[in-house]
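Same chain, two partners: subunit A is paired with subunit B first, then with subunit C.
This part shows the complex of A and B:
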């Protein structure tokens, strides 16, 4: 999943303001709280059937890392 | 009786029809800034995260039963009735572990010897109680039922717990249902409900009940207050409410795009926006009063119905989808077409 896709979910489904969600921003400075991570994880699960807990997602240091982490779970494995 | 074409209907096809609504909120307003004086949180955080600006808290000498009496009297006045066959009080904060609160409420309302009992289904209690009322009416056990949702959540919440103290508020709402045709406006439709006791500890008051009573003396003070695993509750609330609401609409024969208003338990603004989004119901068709009253648990649905009707957000003929979710876990959904001439008493 790309940064833009994650940002789209967080703004349209998670209700977060778009401006602070930058690739280098920390989750806290992008206003991505645990509830937003639950919304993101539910969207990933609905889209792919793969369960990823918000605790795992919360380990990302930046939004770019979050997108990479989601991508690792959301994309089909080889 | 939970037939394909509509709800709890007796052999004579009798439905429970909404004829009166009442609401009562304690006068004391507690703002987010008031809470921040003792909690490490902020007005901005509470508003953005859960959508609450203030809540009402009952005075220490005002109980769930007292608020239930106020709301119930207003609902009866709204319906223009002075007697009922049964009184149900949905609450998770009863005046006493024993007896139930409802008989005392009936006594105070001047309804001696009426069948009266409590319904404990957490924040879903009011919609559960509506379903029970519909069943009583369908079976012929009652012609007119008074359903109250009343809560003193301030008695259940640790004022020093920043995960729960900002969320909950006190208040009571009530509705009168009367036997009439299932085709009448205001008739409750099919009920879709359920529970998942495997998650009983997701929202729980750990101490004070029969379980663990041998450890009661040594239990930490905090164990006598409500504990909630917020993220887990969020996830299940969205899933269960979305599914139950979709199913209730389908059983009523409504397409989702025909639903005019979604009335959802006011747990958290973001939960309700997520449910509305998952259902495909536009946010401007989802009335909310959580900003002003917080999460009032079993009182939230009747308080919102009264508020939205009073503000003209619920209009005669509107197809209204009700859905609730709470501790248990327990959830319920039903439908009604908003009746003409209903004037809530606030």
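This part shows the complex of A and C:
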């Protein structure tokens, strides 16, 4: 999943303003709170069938890292 | 009522906001407030005005926010973000919640209202707006009733004069269980080792707060349910004891004292699908406040601040700025209720 896709979910489904969501922004400065992470987790699960905990996603230092992490979960499993 | 929040592993938004932590001490108990305002050293984009706003300068008194039983002073990042550009927000971990000292079981909402007033005195705030949600509503009510001169506007969300019988029964049961577990009288859940019993308890609590029957009609219902469930499952035993104490406080005397309120502009609201404090419960509280407006947020239940955070904030901001509440697509038209004689202010 790309940064743009993650941003799209966070803004359209997670109710966050788009402007602060930049690749190098921390989750806090991008306003990504627990509710937004839950919404993101649920969207990923819905799209891939793979369970991804928001606690794991919260470990990301930046939004780019978050997108990378989500991407890893969203990749088809062998 | 037990309420939960967006509090979790992610810190509150930083950078654009300046936050000040204020240590407090009241009748032997330590507690802390947090004041959030725009950081003057940062560029803060102007807050989007509510539709219909004529561009009136954003001048209103600071907002004191008294949240739910399972919330703390970090639980409202989305409301902070929307309100702070207009006025400072004061959040507080009152005794018995968050980082504060424990509150003795025999101390109730009167004590908490006094502690909140002490906070206002300490911050030299003669007059504030007060938003009390759920467990915070009886505290906010007492402040406005006893010191109407200190409250510019009163907002109560998810409130009731008395916790309904089925909710009381469940809260009592949950409190008994939590206390027994911490005392070691019961195993950490009559569990099968897989966490099933613990999860069931968490889900029962969540069922009090989220209207399962209106799942299709409440926005973000599944996400709010999952957030709350995870939060309950993460609760440590010591925290669980405090939660139990909060539950018991709600089971005590009437939450809303007799005598009503007058002389304070007030708004009472909740989600139209609230089953924890039903629309009628909220309406009956509004009826005790002279001139109070009562509205219901559409497509939301008791957890409206999570489910419709943008609309929730807009409603609050409109009221704080004396903007009209009529014709808003996300809530019902304001009702102004006749006061029953028993609660007529005076």
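Observations on the structure shown:
In the analysis below, the second predicted complex is superposed on the first by the 77 of 78 C-alpha atoms of A that agree within 3 Å, B and C clash if a C-alpha of one lies under 4 Å from a C-alpha of the other, contacts with A are read in each partner's own complex, and residues count from 1 in each chain.
Just so it is clear, a residue touches a chain if its C-beta (ideal position, glycine included) is under 8 Å from a C-beta of that chain, and two chains touch if they have at least 3 such contacts.
Predicted model, so just to flag it, every value in this text is computed and none were measured.
In the three-chain model built by superposing on subunit A, subunit B clashes with subunit C. Considering which of subunit B and subunit C touches more of subunit A, the answer is C.
When the two complexes are overlaid on their common chain A, residue A:2 makes contact with neither subunit B nor subunit C.
By the touch criterion defined above, A:34 reaches both subunit B and subunit C. Contacts of A:42 after superposition on the shared chain: both subunit B and subunit C are touched.
When the two structures are aligned on the shared chain, A:26 is found in touch with subunit C, with no touch to subunit B. Comparing the listed stretches 2-10, 56-64, 128-136 or 182-190 of subunit B against subunit C after superposition, the clashing one is 56-64.
Taken together, the two structures place residues 15, 31, 33-35, 37-39, 41-42, 54 of subunit A in contact with subunit B in one case and with subunit C in the other. Against subunit B, in their complex, subunit A makes its touches with residues 12-15, 31, 33-35, 37-39, 41-42, 54.
Taken in their complex, subunit A has these residues touching subunit C: 15, 19-20, 26-35, 37-39, 41-42, 54-55, 58. For subunit C in complex with subunit A, the touching residues are 6-16, 45, 77-78, 81, 220, 222-224, 226-227, 230, 306, 309-310. The touching residues of subunit B, when paired with subunit A in their complex, are 48-49, 230-231, 234-235, 238-239, 268, 270, 273-274, 277.
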